[in-house]
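For reference, the structures are reproduced in the following blocks.
Heads up, the next two complexes both have subunit A, just with different partners, subunit B and then subunit C.
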Partner chain A sequence: MTRFGRWLYNRVPVDPETLRKPLREELPVHLKQWMLCLGGTPLLLFLILATTGILLTFYYVPDPSHAYESVENISFHVRFGWFIRGIHRGAAQLMILTTLLHIIRVFGTRAYRKPRELTWMLGVALFLTVMGFAFTGYSLVNDQLSYWATIVGTNMVGTMPVIGKPLLYLLRGGPEVNPNTMSRFYDIHIGILPTITTLLVVGHIVLVRLHGVARLEEDPRTETYAFFPDHVLRELIVGLVVVIGLVNYAIFFPPHIGPPANPLITPATIRPEWYFWPVFRWLELVPEMIGLAGVLLYVLGMFLWPFIDEGLEKVAPKRHLGRIVGTVAFLITLGLLLWEGIAG
Partner chain B sequence: MEECVQPSAEERSRREFLANLIMGIGVTLGVGSLFMRFFQYLYPVVEPVKLVEVLAAKTSDIPSGAVHFVQLAEGPVMIQNVGGQLHALSAICTHMGCIVKWHPELNEFICPCHRGVYGIDGNNISGPPPRPMGKLAIKVRDGNVYVMIPAQKVQT
Partner chain C sequence: MTITSQKIFVGFLGLALCASVATVGYVDASRRHKAVAETTAEATKLNPDLQKGAEIYQKYTCFACHGVDGNHPVDNFNAQTAQKVPPVNHVAESYTKEELAKKIWDGVPLEPKLDPNGPTPPLHMPSYKGIVSQDDMTLLVDYLFSLKPKDAENLGF
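On to the complex of A and B.
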């Protein structure tokens, strides 16, 4: 041990070997395929979003009478403001996409089964926080789309029986969307959700590491490879590709801003960002209560999926009922998304 | 000399259980009431709904058969003249709160958000709206149309 090492060890008495142990974990070889190790990408994107998000707060003003101007200022006047906002926006879109792909992958390979149910549930909770980030983040721009998305989104919460109204008041800081609403959404976006997400990410990763990465059901290979440096290098390559992609996205598709929020006029054509399209189309098709109940049941089903799948397996072994139910749910969601995308 | 009697193991565990129970309840109530204050701080103070009379238009602005849209500070309103009789409807969609638009060619109010459709009388015809558009009381005085509109104040 070097002199500095000894000095540090005397003050932080943790055996360096204990710290090195997690780095030496052996991983199954299927993780070498990018589609099967998507979990690291949302983590990287979370760090990028946190960094660019903090940078955006230096110029953003969370007040309805100045928010729009401040976003305009960031996008068109502040040096490299368009770049920071572009990366933040692109990373947010990619975050949702890669989280979805990660969920689909874990679902497809049934990696959520005993004893990894809690890892899956924390993952679903993380997906919900990502959607919460997207919703509150867009509302902060305060253009027409964000304003009306806030109205619709919060009203949706308000239609819940019993707790709907108190929750709506709490979220909006009043019965209607008012100046309190923006401060609340800002707090949720930059304070509450990042804290919850950090705790969930830590929990998710700790559980993944404690159980070890799940082996693929039909994969006969037993070989492994080291987390460090082999896997870390692979993740770095993926990370570099993601960063290059984001930089290009920000350059070639610089962030725009719609007309400023106008509480007097709902625009003739209005629809949310693509990730809310399935819910948007669903709400259009069915009555209010069924619409909300459907969304809540879907989320609950996602949360409890490991147990539902186990139950289905017991009811009819080897019939792959879980896979059928899951695939149908996935196809319905995809169908609603495409329907809104094409016909909306 | 006083005799010191040691409590039995059973007695000790009962005492321990009771002490833990009392402390547990105390901590729950104490911390709970602290969080209750946090919740009360976050919950908005809203004054009760009051009906306010607001000048919305002049009768001359709304000829027979016309539908007139007015944006008041208290909310958007549609005033219509059906055979000389004036009616007012709240222009807020009862589904998700967007502002409906009057389409004279179809004789319908259509909400741009989720395509909810209401008839000229404000009744929901198709799409997701759960109930008709809100009807508002109207007063006509000296050629002016006043609408009774529910308003609520919030502490900001």
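On to the complex of A and C.
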């Protein structure tokens, strides 16, 4: 041990071997496939979003009379402002996409089975916080489309039975979207959600590390490979590809901004961002209360899926009912997304 | 993929990232330059007095040394000002209007040398006393002050 190592060990008496142990962890060989090791990407994107988000707060003014102007200033006048906002916007879209892909992969390989139910539930909770980030973040731009998307989005909350009205007041700070709404959304976006997400991420990672990576069902291979350096290098390659992609996305598709919010002029088409299209299309198809109940059931079903799947397995062993239900739900969601994308 | 080939791949990706980041710097500089030019052109177009100031800047051939936009001066070997004629688009930050008018009228007869033992810089600011009238000087100074980039104090991230 070096002199500095001894000095540090005397002050932080943790055996260095304990710290090195996780690096030597052996991982199942299926993780060598890119599509099966997507968990690290949302984490990297979360760190990128946190960093660029903090930088954006240097210039963003969370006040309805100045918010639009400040976003415009960031996008067109502040040096590298276009780049920071471009990365933040691109990383947000990619965060939703990669989180979805990770969920689909875990679902498809049934990696949520006992004893990893809690890991899955924390993952679904993380996905919900990501959607919360996306909704509140989009509304902060305060251009015409984001303003009206905020009205439509919060209206949906208000239709919920019993808790709808109080929740709507809590979110908006009044019956209508008003100056209080923006400061509340800003607090949620930069304070409440990041805190919840950090706690969930820590919990999720701790559980993954405690249980180890789940082996694939029906995979006879027993070989493993080292976390360091082999897996770290793979994650590094994925990370670098993501960062290079984001930088070039910001260069070739620099952020823009629509006309400023005008409460007196309703746009011809009000539509949320693509990740809310399935919900949006679904609510257009069915009566409001049934639609909302459907969305809540869907989320609850996702959340409790490990237990539902276990139950289905007991009812009809070896029939793969869970996989059939999941595939149907996935196809319906994808269908609604494409429908809204093409017809909307 | 072996560990060695992964390391080589990481190296290539690192280079690609460096190239992308360098492109960001280039794009930002281009956007800034374009924005400043547009702001200046817009301000000049909207204000007839500034338009007159721009014409005076042309008339006395200030552009020949300081550049058409005041920001692209010509070389001036061994001058303390980075071996170039000083640009004039930031004068609003260094002078009051009175000081600037006096500087133009007085000129700089002897340009300070970068290397005291080196040759005298070939260009120096001539005196415009008796050449530029008080009224023209007011318009010219206002125009030069208007060249200050809109976001000059906005340093960015």
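Quick note on the criterion: the second predicted complex is superposed on the first by the 344 of 344 C-alpha atoms of A that agree within 3 Å, B and C clash if a C-alpha of one lies under 4 Å from a C-alpha of the other, contacts with A are read in each partner's own complex, and residues count from 1 in each chain.
By our rule, a contact is a pair of C-beta atoms (placed from the backbone, for glycine too) under 8 Å apart; a residue touches a chain by one contact, two chains touch by 3 or more.
Note that the structure is a prediction, hence the values are computed from the model and not measured.
Once both complexes are superposed on subunit A, the partners subunit B and subunit C fit side by side without clashing.
When both complexes are overlaid on chain A, the residue A:156 reaches subunit B alone and has no touch with subunit C. Legend: residue contacts after superposition of the two complexes on their common chain; A:315 is shown touching neither subunit B nor subunit C.
Touch criterion met: A:77 reaches subunit C, while subunit B stays clear of it. Among subunit B and subunit C, the chain that touches a larger number of residues in subunit A is B. When both complexes are overlaid on chain A, the residue A:342 reaches neither subunit B nor subunit C.
By the touch criterion stated above, A:241 is placed in contact with subunit C alone, subunit B being left untouched.
Of the two partner chains, subunit B is the only one that A:286 touches; subunit C does not reach it. By the touch criterion defined above, A:268 lies against subunit B but remains apart from subunit C after alignment on the C-alpha atoms of chain A. Once the two complexes are overlaid on the shared chain, A:173 sits against subunit B while remaining clear of subunit C.
The overlay of the two complexes leaves subunit B and subunit C separated by a minimum Cα distance of 31 Å.
Touching subunit A in their complex are the following residues of subunit B: 42-44, 46, 71, 76, 95-101, 111-115, 127-130, 152, 154, 156. Only residues 148, 151-152, 155-156, 166, 169-170, 172-176, 178-180, 264-270, 280, 283-289, 291 of subunit A touch subunit B when the two sit together in their complex. Those residues of subunit C whose C-beta lies close enough to touch subunit A in the complex are 3, 6-7, 9-10, 13-14, 16-17, 20-21, 23-24, 27-28, 31-32, 35, 150-151, 154-157. Every residue of subunit A that touches subunit C in the complex is listed here, in rising order: 55, 58, 76-84, 229-230, 233-234, 236-237, 240-241, 243-244, 247-248, 250-251.
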